[in-house]
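To keep things simple, chains are lettered A, B, C and D as they appear, and every chain counts its residues starting from 1.
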Amino acid sequence: MKSAFQTVALIGKYMNPETREQILTLAGFLAERQVGIFIEEKTAEHSDIKGYTTLKLSAIGAYADLAIVLGGDGTMLTVARALVDYQIPLVGVNRGRFGFLTDINSDHMLESVTQILGGEFQTEQRILLEASIVRDGKVISQGYALNDVVVNKNGLARLIELEIHIDKAFVQKQRSDGLIVATPTGTTAYSLSAGGPILHPTLDAIALVPICPHTLSNRPIAINSASQVEIHIVHAEEASVHLDGQMQMALQPGDRVHVQRAKNTITLLHPPGHNHYDVLREKLHWG
Amino acid sequence: MKSAFQTVALIGKYMNPETREQILTLAGFLAERQVGIFIEEKTAEHSDIKGYTTLKLSAIGAYADLAIVLGGDGTMLTVARALVDYQIPLVGVNRGRFGFLTDINSDHMLESVTQILGGEFQTEQRILLEASIVRDGKVISQGYALNDVVVNKNGLARLIELEIHIDKAFVQKQRSDGLIVATPTGTTAYSLSAGGPILHPTLDAIALVPICPHTLSNRPIAINSASQVEIHIVHAEEASVHLDGQMQMALQPGDRVHVQRAKNTITLLHPPGHNHYDVLREKLHWG
Amino acid sequence: MKSAFQTVALIGKYMNPETREQILTLAGFLAERQVGIFIEEKTAEHSDIKGYTTLKLSAIGAYADLAIVLGGDGTMLTVARALVDYQIPLVGVNRGRFGFLTDINSDHMLESVTQILGGEFQTEQRILLEASIVRDGKVISQGYALNDVVVNKNGLARLIELEIHIDKAFVQKQRSDGLIVATPTGTTAYSLSAGGPILHPTLDAIALVPICPHTLSNRPIAINSASQVEIHIVHAEEASVHLDGQMQMALQPGDRVHVQRAKNTITLLHPPGHNHYDVLREKLHWG
Amino acid sequence: MKSAFQTVALIGKYMNPETREQILTLAGFLAERQVGIFIEEKTAEHSDIKGYTTLKLSAIGAYADLAIVLGGDGTMLTVARALVDYQIPLVGVNRGRFGFLTDINSDHMLESVTQILGGEFQTEQRILLEASIVRDGKVISQGYALNDVVVNKNGLARLIELEIHIDKAFVQKQRSDGLIVATPTGTTAYSLSAGGPILHPTLDAIALVPICPHTLSNRPIAINSASQVEIHIVHAEEASVHLDGQMQMALQPGDRVHVQRAKNTITLLHPPGHNHYDVLREKLHWG
């Protein structure tokens, strides 16, 4: 049977040789099926895998039809941000306990990949956020986030003072440890620890969740994902903005952080029968 | 100038003569402008208002072009449920502190009504929920809610055991005091007290908020408003379902409560310049 | 070796024959050691156990030196309230997963009981609450609680209005679903679901935890256990007071519920090595 | 009438000349009553006050009978930590809205001070915490806190991993933004924003409140104030410990932070009729 995808890129956990066996198994499996294989450059290097064509992460979107990510949710976040400008769908395979994004257990890896190559899969779009730092009227930095954009105080400061505007309307002044702007995907990550609600991935929404707000009525709010969020840094000894907890930029008083839905979504493929509520129930130990 | 609305119905707070003066003022004001006036039947009776055509609440949708509600949010909830099958827009005038739904302060009543009659207003659609109780395979009761459908234990019982399904998928078994299914409108009411998030009214979403859940990871979740929610009463000594906290029906173990978005929305009119974030900031005492 | 306790009463889960085997095993084990045995009257009846002296629950405190409770935390609550006026220590044996109060797993029952009879045990005092309902200046009802005294609305009402006084000082007016007054023991039960803190059992404190309060800054508060708490029922369509979720009394507007620490504590015995933090970690699934 | 205190020290807000008028007024008032006056050295300098004996903050405890603090709660925290080794009682006068610790409004300053000098006052003891950082078995730093000892991640890190021991017993491993150890005094400050309970000042307790914990069942816990808390820094890219949000020290993985009740308490004096519940109700806007 012909594969639904002619070329597949394999991407392992960053600087982590533990996925070597899995990648070799998967590559052998794909080669038997006449599927073209790319190994992400750093993955090949750190896992000491030779004999396959390697590609930089940023090039995978242009050359491969499918990317299989072997690692945890953290790896998937990195890959998703890097490939957001391409149409390439992503599949996540997790070792040990499965993740919210990497929902294929490595024990069932070949079985699930067989289904997906055979065209049996569910497709899911996930939105990303695009954050820009504006200083003195100029965008000085920009980036994407699949989980969340977090503006927070640094360790030495006791709190931060922010002013929040949505779609040009003033919403509130806030004194807190910071503010999380989360996609539905991000609502099961840091946002949840801060008391935020879970948003179903199909919801066209983003959540604004204050971190330890001074005013107790300052509660999480979910708004339309088409909204433009502007966060003014009114006062902060030290503050920074974080994208998916993986990239950060220092902020100064007077800076504005603009957050909006990224133009493109990423596409996750799941094996048939996948249901987000099953993932929630399992990961959150409901009943 | 011709009014944007030829006939206006005036509806006061249920069994409460306090709105008499306001209604008479408003009726006089409308009469001067050649606008046809209906007074809701019970309002006229309890406020001892004579000389105007009266209409049953349920008939107002068919005969009037606009309904002005004088009371609090509770009155608006009743009116909205009664008129959901009609296209008639609603305006809310509040005495004392303004409400989430009745956002025109009675001090500015005539000014705001002048603007609205003159065609200067903002239009906002709010979804309602439709709840049905299914017993032994048959729908035994049905009703609407603008704020929330609440399934809860009665006072004597210590907790209730529910099983929740969304779009035919099993979500969770829950032991708790109950479950709130809230529209975005309802997320600033009871749901907020139970720890639920605020959902912006433009969001096509409903919130499921557990009340004092036994499992601490059982957190509020917002789902697409097109979803079908099914709540099975697994175990309960005494339980009931509440619509907007105003109507209730007793439940038995084995009953299923189906909740879904009502086919029709209601239309709220606001004076120009209205912004939902201003309402939130004011009502929740944000900084 | 002589037993540290000459007579032991065995008390099983109310109206539940499942503990029959355990009780017979334990009775045989005690008989071999020349320990006098009483079986609680209802336990003997419902478990169809014959040939042992039976005692009413209320008489056990006067005649036995130790009570072993076989059941869950619910059973222990009932027994503790019944025996609070006696010095008799209590031991809890749980079937299946262990409880907060019944911390001896039935798998290790004989081993643990051997240790306890041999004088190897830890002693722990737990406070109880005494609640009185005052109507028209007279106490019309009174009772004890090991976990909590809960004043709440009944199912049909939407909320209750309470006025809280502590040691004659006005604390607050509260609109909510109700109020939990919890002992440290009770803080891992219903109170925790309502957002209350965990109080260590050695703390001379009681927690006041509002249930779904209308005012978001109305947060749980822990006060000295010597305090006199007075709850005035200002307004409620239907309300009641619950003791450990097992006994309830109907309330009327105007009623006052007085809550204070009971004069006596109960004594729990634990096998050596028992630590409350281990119980918390296990029961709450802390990492 | 003779003053209950022969010498009074006046301490203003740090580096803030705004209290100059108040201090001069108060000094004149005291001089008329033959009360000896000391002005805290930095206060005199920054407020440009001459003609009075000045004393270093640390010397005030040895020479004055009473210290009047003019500023906000932040100033009181600094003064309390500096004077904890002395028996000198403290009085707090606040400008604008009153604080939790500085509960005399400047509008009633002279009236309240007259009462206090006349011996009409209430006395309240407040516990402090003593925190030590232990590195490689040695105490490398030590300090006091009246509100809280906070161990947290720094801005760049996403989370911190801590291991908590109480009285030598292992309590839990925790992944979070950090941990707050709060005195009853501190439970209305940062701890409250993080979801902690309010502890009444008379309670011999301290609260452990996790900041954004990864595990949702990881809830605030109140323990006996005589307990020894040990926090092991298991993993953290960058972490620090904060005392009252005013002093901080950098931490390294492997460090242990020991927290226990300080040997001495501080004494607050309040005008007659003072009640902590009134303060709570006012500051938290309860009904």
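Operating definition for what follows: a residue touches a chain if its C-beta (ideal position, glycine included) is under 8 Å from a C-beta of that chain, and two chains touch if they have at least 3 such contacts.
Predicted model only: the values in this text are computed from it and were never measured.
Chains making contact with chain B as well as with chain D: A, C. The greatest centre-to-centre gap from chain C, using C-alpha centroids, is found for A.
Interface comparison, A-C versus A-D: the pair with the greater number of contacting C-beta pairs is A-D. Spacing of chain C relative to chain D, judged by their CA centroids, is 37 angstrom. A separation of 47 Å divides the Cα centre of chain A from that of chain C. Computed from the mean C-alpha positions, the centre of chain A lies at a distance of 41 Å from the centre of chain D. Of all residues in chain D, those touching 2 or more other chains are 192, 214, 216-217, 219, 284-285, listed in ascending order.
Taken as a graph of touching chains, this assembly is complete, with every chain in contact with every other. If you check the complex, the residues on chain C that touch chain A are 216-217, 219, 285.
Looking at the complex, you find that chain A touches chain D at residues 152-156, 158, 176-177, 190, 192-195, 211-214, 216, 238-240, 242, 245, 248, 284. Remark: chain B residues 166, 169-174, 192, 196-200, 202-205, 207, 215, 217-224, 275, 277-278, 280-281, 284-287 touch chain A in the complex.
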